[in-house]
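Structures given as structure tokens follow.
Heads up, the next two complexes both have chain A, just with different partners, chain B and then chain C.
Presenting the complex of A and B:
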């Protein structure tokens, strides 16, 4: 009973679902024609970026059950690969990104061959250690990576096909469309994985490694495929981040915090579901942006709960913005304790109870 | 590298290794009793550092004396964390346990940032940069003091776990939770005790290094990683192993910084960590749990 309702919600397309999806898609593509506010576009771009990261992690963590807490390494590989080629040899990012993806692929195969001999918590620890080694290496080889100073992108070349300039990247609109397209592609890729034989192998490994092994599934081969896919998609997010923000350094694209945030996007929404990371992004991005831009402190003051000139008001205004990661911590604790299957699992459980 | 430089770095490695051992012991006790890897360990240590800092600046309590206050307070803090959060997820997926402790760590470090700002604080005592001379070798006074305290605390803890009834009950819970429960041991109380002791150890380590380290809200994550390396190296769940692991990592860092460069010493530590995970995942003194 439960299985059937799950199937129709995830696998097959109902007419209503298809129409709704098309409407959302059309609205998303039309969005920049109606909204000109750069801040709104920026928020949407962050949402797309977060979705790409969450969906990518979902393939190895959600579908294959291997909790990598080192995905910052792949994000950084994409970001550094693209920007180094662009700054040093003026290779356009849409070509350079392939180098970033290749770097992430090589890295994932090295990491996979080391870490997949380990299981459970040991795999988590190993993935962290490898990502830290990557971060420290980037930090300590300034001749290639500019070390702690980071790379500032001064000039992004216009995107041309032949001689026609498609876009010169002056406004945020081209980034919006790149982000949207990449996010849709990763969602599509996740859907493809979920409904393919490959995806069944992944899920069999997640459910019971030994049982999967005894049925003839080559554990290390399929874990490596899952990690490679996930790593390449994550590096795409890193490359997109790099050309959008135009500045990268080891503390923004390679820290442990980033690895943790990538995991949380999927966990909060619901791991192993197609739209979990989308939901996770919809929860996390607005909340952490609201904290970062002091909206919450201002809101508390405006609502009259806290007086602006009182000690608490001054304190909140000065410090709450720095603590936007706090929200990640609180959310993950709440999610793990009260809804371990994420928002999607929680909603499903509630609706099942009503029935 | 001359012999005296080598000896110098070897000795300071052993001294700082003592404090590392304390952090590792806390982690390993928690893991042993609950099978939970505590990712908030470094952040708990950071709380100990701030506690020491404010006891010193506000009430002029010497950092090494203040551990008498730090230990019980941190014990209560740990017991509270266990009772309210960790206790609910014992026996669930290890990944969820890891994520919960990661979340707790983020909450602790970011709350500290709200409370104390992200400024670096320095606790300067009259002896912070003092040292003994031993021929050509100079030995830091605060590190020596902290090493001696570490040895005493470790010895007391060892005695407690080996000789007292409660200690034996904790070890029994670590060995086999179900069997211990069947023997009438209150395992959830033992878990609370274990987490309290673990937090107290981490807090003490924080107190002991506060005269020689910068104090800031994010200091924890580096120590959390170090604590993992130490406990995996020694063998998850083994106290003697964690002590040994702490000293080894202290020496590797200190000698590695001189022999290679201080930029690459952490890479060296992580490389050793991976090597141990691959070659002997049960650690130097642990039984295989994989």
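Presenting the complex of A and C:
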């Protein structure tokens, strides 16, 4: 039952898996040709964004076992780096994003060299503290960051190669393809990490730091590599968010909420697995959307489970949309109690039982 | 030639001396047994030698090189590897992956590492469990995994901390054969063990530690007849 030599469930390359992956990929690339609804495209873009964030965190949290709850700092670095250059110096975002990535890299090296002196819960607390310092710094340097006012992007320059305009970013379709490509890149990067020396060292550090150390693994070096990779990937998500939403401020791209949300994506899907963050996004994005648009309360009423004019119906309609933090909390408790290895771990366990 | 020299090593925790002024040397290719009652400071000495604690005083020379202050990963890279008294399997990784982590200390190629790891698993006769999760192994196999994993780092000096602890006689016998096998491959070993019969059988020389101090050193025959050692183990008359 413990034999895990058949790794097909985990990004393996059985023929069936490869064909299925290609079909999904083709469907994803064809999606905008068939679906024109901006809302549907928006949902897909959010899904990609969430996947990028989840895969990024998974490198440091899932594979290396260092639970950073300060990833909003890197998201913010990408978002601010890109938009500041664009607004102040009119540097195109596909160039400016490199500044965002560089900012996240520098930030991660500073944070890593300080926080990795600590282990376990102390590292978690330090990562939160440092992210809060970053948020407060951005809030209090309005000359560079516009402080609490945030940065509103008035004009996104068209993407040209030579003189040919590839896209003018008027519709959501170009964002769809950027998001999809970035999400695929992060999945590919994760696959690359898992199938290299890095992946082995990261997981060894997660399983037992002292044992890893005694086997010749330089702990601070490899933890910093993991954090730097994770931070740079997260900053990509931030930059993408910034040019898509066209508005950033400290409460949207740097809050603790965001850090927690990033952690949840991987935890709910299954940490330390390639597709865990994808599954986590498929759970969390629709859920938060349903909560935000009051779909759940409406659904309960429409299905007749709760009467609209009953006390409960009125209460749910009024308050459920505001209770997304509460629902997230309940979800985390349920996952930790019943699916400690996330959805992927749960499905694996069930299929192993059936055999 | 001495591959490891321990010169006047002391380790203090606050006012408590876990090791005080311990000196001995290990000749290349031999097996050195390290014995002593519980709490004598054997594991502390291992930790001082392999970089987990800096010695408070004295120095450790490995192949003539001063090791004080080197981190455990550097120590391993230089060719000195240790196992843990309380086994430390990388639980959620497969047995093969565990050993591969050790092998990756010397190579960047997963293919090479996999080949080295399979080889070491065959040496400890654990190759049939290669695909199993390390966390699911029984204690006897965990101990063997621990040995395979350090062997994969290609050490010239191996420090084994109670690899027979908690094993049944048949499993212990297997480990004894394994240790003698490793010796035949030219790897020097220092072995902490409580099983006197086993330690007498495998050791070329033995150091006895009591209350952090070196009590005696000599061949197994000299040790069993040493009145100080007998007194430490059986109590004074």
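Quick notes on this one:
Here, the second predicted complex is superposed on the first by the 336 of 355 C-alpha atoms of A that agree within 3 Å, B and C clash if a C-alpha of one lies under 4 Å from a C-alpha of the other, contacts with A are read in each partner's own complex, and residues count from 1 in each chain.
Everything below uses one rule, namely that contacts are C-beta pairs under 8 Å (C-beta built on N, C-alpha and C of every residue); 3 or more make two chains touch, one makes a residue touch a chain.
Quick caveat, the model's predicted, so the values are computed rather than measured.
Applying the stated clash criterion after superposition on chain A shows that chain B and chain C can sit side by side. By the touch criterion defined above, A:219 reaches chain C but does not reach chain B.
When the two structures are aligned on the shared chain, A:260 is found in touch with chain B, with no touch to chain C.
In the superposition on chain A, contact of A:329 is made with chain B only, not with chain C.
In the superposed model, A:208 makes contact with chain C only, not with chain B. Which of chain B and chain C touches more residues of chain A: that partner is B. In the superposition on chain A, A:140 makes contact with chain B only, not with chain C. By the touch criterion defined above, A:17 lies against neither chain B nor chain C after alignment on the C-alpha atoms of chain A.
In the superposition on chain A, A:320 contacts chain B only, with no contact to chain C. Taking every C-alpha atom of chain B against every C-alpha atom of chain C, the smallest gap after superposition is 13 Å.
Here chain A touches chain B in the complex through residues 67, 69, 114, 117-122, 124-126, 128-130, 132-133, 136-137, 139-140, 256-257, 260, 263-264, 267, 319-320, 322-323, 325-326, 328-333, 336-337, 340, going by the rule given at the top.
By the touch rule above, chain B contacts chain A in their complex via residues 37, 85, 88-89, 92, 94-96, 98-100, 102-107, 110-111, 113-114, 117-118, 221, 225, 228-229, 232, 263-264, 266-267, 270-271, 273-274, 277-278, 281, 290.
Remark: chain A residues 2-6, 195-197, 200-201, 203-204, 206-208, 210-219, 272 touch chain C in the complex. On chain C, the positions that touch chain A within their shared complex are 50, 52, 71-73, 76-77, 81-82, 84, 88-94, 97, 100-102, 104-105, 108, 110, 113, 130-133, 136, 149-150, 153.
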